[in-house]
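Heads up, there are several structures right after this.
The same chain A turns up in both complexes below, where it pairs with chain B and then with chain C.
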Partner chain A sequence: MLPRRFLTFSLLVPTLLVFATAALASTAGGGVERMMIVFFISLTAVAGMGLYSGNSGILSFGHLSFMGLAAYASAVLTLPLQMKKLTLPNLPAFLADAHFDFLPAMILAVLFAMAVALLTGLIISRLEGSAATIATLALLIIVHGVIIGARDITRGSQSFFGVPRETGIWVAATVCIIALVVTRLFRDSVPGLRLRASREDPIAAGASGIGIKRERLLAWVLSAGLVALAGVALGHFLGAFSPKKFYFVDTFALLAMLIVGGMTTMTGAVVGAVTITVVTEVLRRLEGGVQLLGIQLPEVFGLTQIGIGLIILLVMFKQREGLAGIDEWDERILPRLLKFNSNAGQINTSVLEPTRSAGTLKADSLTKRFSGLVAVDQVSVSLRPGEILGLIGPNGSGKTTLLNMISGVLPVSSGGVRLGEKIISGLPVHRFSGLGIARTFQNIRLFERLSVRQNVLAAALSNWPREPVSQAQARATAALDWMELTDKAQLKADTLSYGDQRRVEIARALALGPNYLFLDEPAAGMNREETDALMQILRRLRDELGLGILIVDHDLPLIVSLCDRVTVLNEGQLIAEGTPEEVQSDPAVITAYLGRKHREENVA
Partner chain B sequence: MLDLILQQTINAVALGGTYALLALGLAIVFSIMGMINFAHGELMTISGYTLMYCGLAGVPFVISAPLAILAAAGAAVMMERVAFRPVRNASAATMLVTSFAVAAILQILFQNLIAKRSKPVMIPDVLSESIAFGDFLIGINKLLAIATTIAMLLFLNWFLKRTDVGIAMRAAAEDFPIAQLMGVQANAVIAGAFALSGMLAGVAAVLWVSQRASVDPLMGFVPVLKAFIAAILGGLGSLTGAVAGGFMLGFIEIYLTAFLPEHLLEFKEPIGLGIVVLMLLWRPNGLIPAAAIGSQKV
Partner chain C sequence: MHRFLNSLLIGTAMTAALAAGAAAADKITIGVATAQTGGLAPYDGPVVEGFRIAVDEINAAGGIGGKIMIETIDKDVRSDAAQTSIATQELVDADVNVLVLPCDADPAFAAASIADAAKIPAFSTCASSPTLPIMGGDYMFANFPGDNVQATVSAQWSHDQGHRSVYLLYSPDSQYTTLPLYFGDVFEKLGGTISGKATYKLEQQDFSAEVTKIKALKPQPDVIMTAAYEPNFPAFIKQLRAAGVTSQVIGSDGIDSPTTFSLGEVAEGVVFTTAGHATPGSELEKFNSLFKEKTGKDSETVFNAIGYDLVKVIAAAVEGAGSTDPTAIRDAIAGLENVQGATSLITYKGTQGMPVREVSLVRVKGGDRELVGQPAPNADLIPAPRMQ
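Take a look at the complex of A and B:
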């Protein structure tokens, strides 16, 4: 997140740019002006589509249905009354006598589209990834069908004409600026950050307390509103349109802009809209067959569409994030230009102290079956605040599965997990962090394309809006400091070394202000020095913050020197528990690790 | 009334079977690569044009039909090699967009190189005849569609369960990295999946064209849109789900056409999709969800 004054700057520049372009276009007039109006309207729609697709990572084919709904809704309201009687004789009474000015009609139409979005969003937000995308496709077809079917209001598939041409260059520019500003603000808002974190890794997001149901719905409705704005402007620019205008051909063109530029940023929307507009303008001239260097080129129907298709392929092959990448223009320039340090200010590590008092965490005879295979078989463990419990065992003994159950990532087959008196197994995973349980993953799961600080901040904000942003920021800063990551806070998570990535995961877990911390092989991939430093940190976490730490690792020296108690699993069953010394000399443990023969030799 | 219901049920099975074959083709590729192939419809169109050209050249239908199926399978393998291999392992959105672009390019190529408008396809007369069963008539093309669908489903079941390639494909669908460690060749399995999926599109195209006797550049677009919806209705990536979703969609469409009051017929499409959406509300992961959902490695 950028500090407010930088955000103001980042918003002011595109605003001025759009107005300057609009001023130039309006002096040029004629074809140039019309082209720029279409450009601004397209950019409005693309920015709106990006608000949803870019942050959530779910591609949508359905946004043009909101554009269409809003265009028709506003046009019915602004159509002159005599015209209405002539072209729409069967209009329902409440519409037949209604006449609104452009601005109120625009507002009503946008609200109407957002209401439809709210209803459809409740359904679509229940679906994941590609299924959600296909559902948006169904939405496009449904709305298209409804618009054609409702011919008393829309004139069916015939042209709807006589709409006052209210959209000039200044209206288009204003609408465009609204879309750019809203998109940019949403991206850097708390819901935006949550969505982006979940886009990168939904499982880690869940475990970091990041629930996204409401955020997705919010993004869907907001983006529908912006696209609807574009629809109203387009309808009142064209003056006449039919349902075809809001179907596949235009969806293809707008999606091309979104994808070619890069759908995750406002910058990408601008770059994409410019690129596709320029290419379209050039190819359209060639389409009709022109004379080039004395050679008559043949007429090629659909040259623009082929050109756009090829550009999409090229971008997908060479630069999947789109031409503009995943950072906003100002995010590339400002940190270097102004050398700002978002960690500036006092670091107060006491903010990480758990605020809730926690009872003992008890897992009672937990069992996990994977279709026949019993991965964990009636294992009971308990963990108190202020102790470090080691969980060891050979590969495949069920350590990670046990940890996944206690942290709510996997449902239990039988048994239960209690925190104090409260039964917590069965709760959705994003509720666990609120109960004071945080974890890391064996296969590192970071929000890869976000910065280190954003990784940690996204988790710290999991209590927002119940807790102010400033408090979350203080916790994120303290967690970064604790894990010695302050210098690397602005780097992208996927550029870090293995050991650093593991420390970011721990910082992210700490930022939740947990009572309990589960670490799944935190030292894997670290050298001895890094491991020693990590052990030092973990001891301090126990002693200074009073955390209860459950640690799974294969590094026995680490386990022995760090842990207060050790639990040993083998083939899904608990075979020993006690102090490190007791466990080390337990015959069952030696057998499990080294095989029976070795033990017999040892005993002999 | 009973006659009407029976008659419409046969129509529904015939149409649903075609959707099922298309959805199955989509599901095979999706289960292995996580990719939704938007250009699946263009494979159908290629098949349709093959039938058209064969008809013009006087090739008999019994030969031109297998040729058309082969053409779609070949085109699918080529499509993967040229356009989809560079984005393999990319995000689902990236692969989807790539195939979307391929579809758009192919549609324009058909329009420029073959014809902008619909072209007639010669179909044997016998296909447009009907057989009388007691009181009602069943079109031979409908019977052919039903019989072919059943035969294809049986073949696929055998292929995936009994042949080495089929088993490798199922392993890859379950866990591709592990399957590769076990010696399954990624390129071979993916090429195989596309060949199979193209073949299914080809069969669906032959059935589709034999009932309409014409082909146009956008021929595959609408049926494949339906197949997408059938695939999520059934459960994305689930093969049995795809078949169930295909038949379900066929039934919804045919019954709505037959029994919807006249003034609502215009809304047939939105109502049908609306019903699908309601079913998805009831089962968000589809009628028969893919096994992989939920057992994702953490």
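Take a look at the complex of A and C:
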């Protein structure tokens, strides 16, 4: 999705850097070369872990299990047959006679780890936040136990030795480059952007058509593959290992790199691995007690651990996102150097298409109970394309709950929602956008750490049926244009003013190409000028695109002048329905709602 | 002098100077890449303590044979195999004459190939797996009584006591905990019978299934042999005695810890093998008082003496080789016979790198240790190392 010239630079620079470092290390030889091999392998693993944890926002303790599985799987395949007979006499027949070269063994082992990741991911991708993290921890413990238990294949807790030492500096460098390139590409790929959007706000991501579980699963499997690559390389570097090599101690060592560098970017993986490695190398030379400026320092083993601990603390205090922050190096530097057209994909600035003939949206006797409390009680509303329906009522009258049910965010307790002849209540939330229903949220739910354009693009790319990327980009551009956000497209969403954030939410909804648009208090936080401009846009959306708009707001002047029809809720029940004028004069409404807000009535 | 020479600022220059010094043959450099932090530190730490005492003692007397001073370069490998491999390579780059590697087989294996390629003799501080020196190459040596040797000593003793049937409790989870299988081999060779075997998992706490099996045996086995240690052993022995089984229990050096002596009545009479026992007038007693004198504290583990032994072995090899050339030292080690260490006489001649050392048999009595004997193992009885 990035311009080719941008991508070339962002991938070529790390590739050349790794190769140059490898060449230097190989010239230096000896301990330096070995140190760099370990560094490249660690960086491979860190980048792989970051691909999942960084983009999904779910910290994983479980990735070392894929490293271990791949190390064992590849080692069983590359172990010389004679050694195998000697050390693994009870190996199943199909493995006992199998011998592969390093490369095919590596590929098979990575595929094996990815297959295991697919199975475990089916469960883990369903869990949220800390539950998912704990599940990854369980995975680490279970796989550790399984490796020990599979004694005939793994020699249990004992040393698995005799593995050919195939990993030299060039193998390590190549593996590392693969990991860096895949990680960088994934971040700005379509699934990468969708996953990052769901990291920022799972609810808004769902409402934007993103199937979060699928995106998480994909990243989980892919990252397991990269970490597995590191495992194969490590196994064939050490030549001997046991299950404890792929357990807590190493998990925390790699997580330290990930956290210090910043887990959301490839840059962070590199910065973290470099920082921790440099600090370790400096401190471990000091621990033996050195002569420094004529002073004999005492011998203090354990200095490296103390140092790493302090860095993590410092980073957590001063820069929670890690030393590299949340942007890639190329995102900071290249736009300035290369003067890219920031609105790439603006080739055909198609306007948003007018609404295709859509059936009426009907909610029949919707009820929502929250353990005893009836928030919405048998409310029926309908919305046609080309009309603006206002939904008003005092605080706590059930407006947002009703909206959440019609948009699929909340399951209904009873009643149903139909679109034309089709019953749509009960479908998963990310399917609603495909039905032409898009929405905004009362308490703004933007993908905060993504740019305005990425916010809108994430939705455009998740529309159903799926379309070519160029078409989605064009629609995102058009949506930004509609909401007059084009000049703010490159800004991070969380840096915008309140009013602008509301407009980004609407642009994001528009990018889904909806027939129906639900707006929950879109004018809250806007001044009168901004509100008027918004009303202007909403009228055009109705008139030019034929959208059916359902709007919840407390701003009565806005409701009265904008809406074709108004529905009034009170204490979860529908108490009036009609034109703004009819509703305003309805005695029930006056008592329940306008009566208590008499001043506002006068203004209206 | 165990000064850390490889400083960040002056590393290269000093390394070169060091190499030049080693070549002058009035000095031998030992590269000590051991785990001073992490999971292996409880073993490598004490070994290196004893190691330093021996180095200081020899240097104070003018060096090996009165002329060759010992220099050491210390590196902490943090109980990690990859770090061991890096540190070992750095020591090889610094032209050390002898390498000392961690206690565990993983890091030792990772470094063994580097030592082998550089043709520098290497010792694991205290690994007891007889596979290590065999699979680690010609330059890899161990410094601890092998599991098979320990088992030979205890099996022979048991047979001498008139025991004729044994029950083996072992765990295939680690090489060490399969030691009872060696015991079984020797015991059968001597004419005894194995009345049963049971396995357990490391960390297992509930031994009721195993104990029930033993309890049901008719007749009861004369002896129960296990290499279980904490937390398995205390749990097992308590449950065994609670079930009323009175057979002799034989253990191995894994239970030579204060815990065993604090178990009370249930552990009474348990006999186990260990690397050494300080009888009055013994070398170990002498070492213990030297240790107290140098460090101001009591030696709490036999691993201190094991470290001391290692330097004695290296010194004897250097003296025997008459040279500090690593290959000459390697050949000299392989021919060493009856080197007097703190724990025992040590012999490498005729072995594949696993030293023949005396093994002490100790009985738990009244919460204290009682020496049963220090028999030399019968070489013909020692079973061949098992690869799996």
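Note that in this section the second predicted complex is superposed on the first by the 560 of 604 C-alpha atoms of A that agree within 3 Å, B and C clash if a C-alpha of one lies under 4 Å from a C-alpha of the other, contacts with A are read in each partner's own complex, and residues count from 1 in each chain.
In this section, a residue touches a chain if its C-beta (ideal position, glycine included) is under 8 Å from a C-beta of that chain, and two chains touch if they have at least 3 such contacts.
Bear in mind that the values here come from a model prediction, so they are computed numbers and not experimental data.
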| item | value |
| --- | --- |
| Which of chain B and chain C A:Leu234 touches, first, second, both or neither | second |
| Chain B versus chain C as contact partner of A:Gln305, first or second or both or neither | both |
| Partner chain(s) touched by A:Ile148 [first = chain B, second = chain C, both, neither] | both |
| Touched partner set for A:Glu287, first chain B, second chain C, both or neither | second |
| Contacts of A:Leu59 with chain B and chain C, given as first, second, both or neither | first |
| Touching partner for A:Leu119 - first (chain B), second (chain C), both, neither | neither |
| Which superposed partner A:Leu255 touches (first chain B, second chain C, both, neither) | first |
| Which superposed partner A:Val278 touches (first chain B, second chain C, both, neither) | neither |
| Doubly contacted residues of chain A, that is, touched by chain B and again by chain C | 148, 151, 301-302, 305 |
| Chain A residues touching chain B - in the complex, by the definition given at the top | 53, 57-59, 123, 126-127, 129-131, 133-135, 137-138, 141-143, 145-146, 148-149, 151, 203, 252, 255, 259, 300-302, 305-306, 308-310, 312-313, 316-317, 320, 370, 400, 404, 409-410, 441, 443 |
| Chain A-touching residues of chain C, taken from the complex the two chains share | 3-4, 6-11, 36-39, 74-76, 78-83, 85-87, 89-90, 92-93, 105-106, 109-110, 113, 129, 135, 172-175, 202, 387-388 |
| Complex interface listing, chain B residues touching chain A | 30, 34, 36, 83, 86-87, 90-94, 96-98, 100-102, 104-105, 107-109, 111-112, 116, 225, 228-229, 231-232, 236, 266-270, 273-274, 276-277, 280-281, 284, 286, 295-298 |
| Chain C-touching residues of chain A, taken from the complex the two chains share | 30-31, 33-35, 38, 41, 86-90, 148, 151, 155-159, 161-162, 165, 234, 237-242, 244-245, 249-250, 282, 284-292, 299, 301-302, 304-305 |
